[in-house]
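Working notes, structure below.
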Amino acid sequence: MKQRTPVIIAAVSGVLLLVAFFFQPFTSPYLGLVLNWAIILASVAFLVAIASLVVTHIRFIINGRKGFLFSLVFILAFVLTVVFGLYLGIDDQQYLEAIHTVLVPIQSALMGLIALVLMSAAVKLFRTRGWSILTVSFGGSALVFLFLNLGFLRLDFSEGLNDVIAMVQRLPVIGARGLLIGAGLGALLMALRVLFGQEAHNE
Amino acid sequence: MSDNPDLRICPNCGQENSLYTLRCIRCGEEMEELFQLEGFDPSEQLSNDSPQEDQAPLSEVLASLDDSPLLAEPVENHVDENGGDHAGDDQSSVVEKELPDWLERVRQRAQEEEDASGELSKLGHTSKERRQVDEAFDDILRRIREQNEREKTRKPRTTEQGMVDEKGDPEWLRRIRELHPKNEEDPRETTLKGLPLEDDDAWTKEELQELLRREMGISEHADQAAEDEKFEEIETIDSAEPSIDLPFQENFHNIADDDQDEPQEEEPAEPEEEANAEEPESFPDNDPETENAIDEPEEPDGGLQDQEGAVEQPDEETAEEAESEITPPVDKVLPDLLLLRNQRERAQVLREVIAQEGQRTITLLHEPARQGKIGRFVLALMLILAVLGGILFGGEAGIANQPIPAPALAFEENLRSITSTHPVLLVLDYHAATRGDIEPLVQEILAILDSNRVTTRIVTANPENLWLGETPDEFIPGDMLGYLSAAVSSDPAWGQLPLAQGFSGDAKIYHEVDQAILISDSSEFVRAWLEQVSPWQSGIQTSVVTTSVSEPMLLPYFESGQLRGIIAGASQFRALGTTQQGSINQYAWQAGTLLMMIVLILGMIMKVDEDRQRRTEERSQ
Amino acid sequence: MPPISLTDLIAAAIVGLAIVIMAIVWLSSRKPPVEPYEPIEAYSSIEALMHRSSEEGKALLLSLGEGLSGQQSAMGDSVSLAIEQIVLSRSVSNDQPTQSFSGDGALACISQLVVHGAYQNAMATELFRSDHSLMGGVGAFAWMSVIMPELARSENGGLILAGTMRPEHVLIADLAERLELPIIAATGSLTAQAAFFASGTPVTLGEEYYLPSIGKAGQMTYQRSAKTLNWLRIILALALISAVILKLTGVLP
């Protein structure tokens, strides 16, 4: 019974919200209220998680855990950001500039690394996964669409060939539809399992 | 107790536990009911004793009975041998007058019969003696309890005719041998005495006879027929014994599911059986004469010979039976070794773990790569050179002449059609990493909207967007939940919703809005918006500014009409009808794309080459 | 209130159909199937990784993605919590405790509850510490930047990525590869699946992510859900083909 109570609560809450969505003229204010509660709860959980993170990193520093320098940098950055944000306000342009100056280069560098990583992954793709229908179609389609998107191919002289290319360019749409339908069905089934309590996992 | 006889329920928490656990596996409560003395009920003992009398030793209780005026005797009739302490004789005359009939009868009976208090109470009249008696009595009780506990734990084993035989073979080994009897085709080697050759650690017939005799307590000559029968049974089992099997072979268990795959694995064990069959001769224990000399020096040899002869005949009979039982099915395993399903599954998991020992089960991404660190460095150099080359040698016009896809054209058309009558909602949700792909487009879009004198309302729920690009007018708490809450809810009759107080401006962000432009680097965000928010604000037409990575997953939504347009990445900058370059050199972009294609083809070629080399090596080997 | 449109009715019909098929499959699947569906490669790899980390006495890293409370782009992605529960129930008695990171505040709190529950079930609450489950960062890149230094620790036996992810998180896979650390990715994000596929990581493809079954845990649910999904796909495919035919023949406008 102990394990069934949260399952029942989750299922009842889900069903009530679903029903509320479909009978909205009557339930609209209550629905909004429930969503507000969810947002407030999520925000409080967010604060709790931040506090837990800070305390954990402080503990790492005190205990001298391996890699505590990273924790030190984190605590320092966190304290500075919070203190100056509270003092100057988030509308202050200098404050925004300062954060902008730190954030943008770091994330841009990460994106540059991603480009390099994907290139090296492209070299090793077939060596890692071998020859299979999936890898061959993956590599082949990547080549075709990269080439088409380059814009080198100009086929103004032939309508038929243009149609063929247009049809080939629509293939990702077809594939994406199939994937989205599949992912949607999977998510639907997952949600139904939660509603019916089948996700209460007992080993 | 639970329905399953192998389990018992904890009285504290209701958890099912094994019969032999001392403490509950869930709550840790001691399983007090486990150990019980036969005929001894501690609960009765406790309930019968009054609180005052709990501490009183037995001797005192018995002594107090003697002292009871109800059972008091005249002095001349109850003189104790030890001069026991009897008090209250004077009271007897007073009490006698008030005694009911039944009590009189009891007293009469007590006079006639012996003193029922027993020797212990007589002996322990003094306090010291009583204490000694108490201690002795407690000691006896303790020993009885311990013995019962031991017997209880050993109880299931006793039903199997003993856990360990005289030779020291454990029961599980005997059972293993039963599961793997000798092969039909193996010729039965016999000893010099004509007895079938058995395994080195198997019982000889003489030993079995001795054991039987000792256990059954019957004479050598009497009940010989019964012994022969039992001997046949034992012989049947014995003849079905396989060779020495190590306990960790795969097929030592009685898990039904696995045995279906097991038969072919039994064959390698056969040579072992044949090899082991030759060993028993070297063991001195197999010499019946030696064994008998040690165990039964008084036993006449003639009896043994008679029994040997008698055994040979039933031996032939049982040999046929044994051959038919070479591979006993699993369901003939002794029923006391029952596995629960849970235990069976865990045993299976353990087997899988053991089977995976030493195997690489995870396809590690790393391999002794020929590329190594230099390869990655070379790739990086190539990429940098390609991009630099595109920038330096691309010419003044940095915009490449690329085809504009239909979704981008539709976006531009929709953008131009926005009038100044209604505000446009711009929803920001991108990261600093993708600003290079998005912000040039956003700036151009805002310029176009400004030129058309369209009012814009910029909102974001992503804290990063507070300091990226355009400063939003409103921060929406709760991300997608916040957008959904604003779309679904209406002001209740009792006042404002809590979140409305967190807005600096108007909480109704969708008020009078008929166009929304989502500026996001995540296709998941746009999908969530279209699936959650758009149905409740169906009057708002949505278009998207995103990255080229997310574009393919949003195309189905454009095809279905849920999106008015999609413009993705700096490569489609030209769709906005501008001749400006923007912040991205598109020749450099093209060079990078070309390099990516080359690298992909290179990977295919390297794989083909690697396969060819491996085939060549295999052929040469 | 917006009127109930045809799309809403079709959606309700699909949900109803899913419920009916689920009920039929559940009723007809009381016994284990004779030919069960093959286990999903990524989840089998997770099981093998759990065994291996247990044998080697190393810690497992578990990253739960960023989507639960709607704070990030995905909503209601709780599959990562189911995976965490299964992994923890097996690895709670390992030499090194399993470390979880989340990219969402509510997800981090619930993850900590799951971890605590696992220790409670194993009657080892004294071993639980709150830093076994942390929030890594408030955004995708912040969360990624927390995980990457953790990969470099020598006491890690492997990394399991489960939850909502972005294609940019392929950096984690690359770093794990260079550190020779086994990594497995289970995500429902299609673009992230494509990126992880290119990197060679064992990854759940398509809707496999929504069928978590590791070892014996969740096997019946997986079998039934897979069967239900198959039937749903078949019915939807037939419906789509029928609609196309009807549209081509002019029956449908």
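Going by the order they are written in, the chains are A, B and C; count residues from 1 in each one.
Everything that follows uses one rule, which is that a contact is a pair of C-beta atoms (placed from the backbone, for glycine too) under 8 Å apart; a residue touches a chain by one contact, two chains touch by 3 or more.
Remember, predicted model here, so these are calculated numbers, not experimental data.
Asker: Tell me which of A-C and B-C has more C-beta pairs in contact.
Answerer: By the number of C-beta pairs in contact, the winner is A-C.
Asker: Average the CA atoms of each chain to get its centre, and name the chain whose centre is farthest from that of chain A.
Answerer: B
Asker: Centroid from C-alpha atoms only, then distance chain A to chain B, rounded to Å. What do you get?
Answerer: Chain centres of chain A and chain B, defined by C-alpha means, are spaced 32 Å apart.
Asker: Measuring from the mean C-alpha position of chain A to the mean C-alpha position of chain C, what distance in angstrom results?
Answerer: A distance of 13 Å separates the two centres.
Asker: What's the distance between the Cα centroids of chain B and chain C, rounded to whole Å?
Answerer: 20
Asker: For chain B, which residues are shared contacts with two or more other chains?
Answerer: Those would be 363, 365, 431-433, 464, 478, 481-482, 484, 553.
Asker: Going by the touch rule set out above, which residues of chain C reach two or more other chains?
Answerer: In chain C, 69-71, 138, 141, 167-168, 190, 199-200, 216 touch at least two other chains.
Asker: Return the residues of chain A touching two or more other chains; collapse runs of consecutive numbers into ranges.
Answerer: Chain A, residues with two or more chain partners: 24, 28, 38-39, 42-43, 106-107, 110-111, 118, 120, 122, 124-125, 128, 176, 179-180.
Asker: Over in the complex, which chain A residues touch chain C? Could you list them?
Answerer: 22, 24-25, 28, 38-39, 41-43, 45-50, 52-53, 56, 59, 66-67, 70, 106-107, 110-111, 113-114, 117-118, 120-122, 124-125, 128-129, 134, 138, 176, 179-183, 185-194, 196, 198-199, 201, 203
Asker: Can you name the residues of chain C that touch chain B in the complex?
Answerer: Listed in rising order, the residues of chain C that touch chain B are 2, 5, 7-8, 45, 48-49, 51-52, 55, 67, 69-75, 123, 138-141, 158, 164, 166-168, 173, 176-178, 180, 182-184, 189-191, 199-202, 215-216.
Asker: If you look only at chain C, which of its residues touch chain A in the complex?
Answerer: 1, 4, 14-15, 18-19, 22, 69-71, 76, 78-79, 82, 85-86, 89, 102, 104-106, 108-109, 112, 130-131, 134-135, 138, 141, 144-145, 149, 152-153, 167-168, 170-171, 174, 188, 190, 195, 197-200, 206-211, 216-218, 221, 225, 228-229, 232-233, 236
Asker: Using the touch rule from the top, collect the residues of chain B that touch chain C in their complex.
Answerer: 25-26, 28, 345, 349, 352-353, 356-357, 361-366, 429, 431-433, 462-464, 478-482, 484, 520, 522-525, 528, 532, 535-536, 538, 549-550, 553
Asker: In their complex, what parts of chain B are in touch with chain A?
Answerer: 363, 365, 367, 369, 371, 375-376, 379-380, 383, 400-403, 405, 431-436, 464, 466-468, 471, 477-478, 481-482, 484-485, 488-493, 497-499, 527, 552-553, 555-556, 559, 571, 590, 592-597, 599-604, 606-607, 610-611
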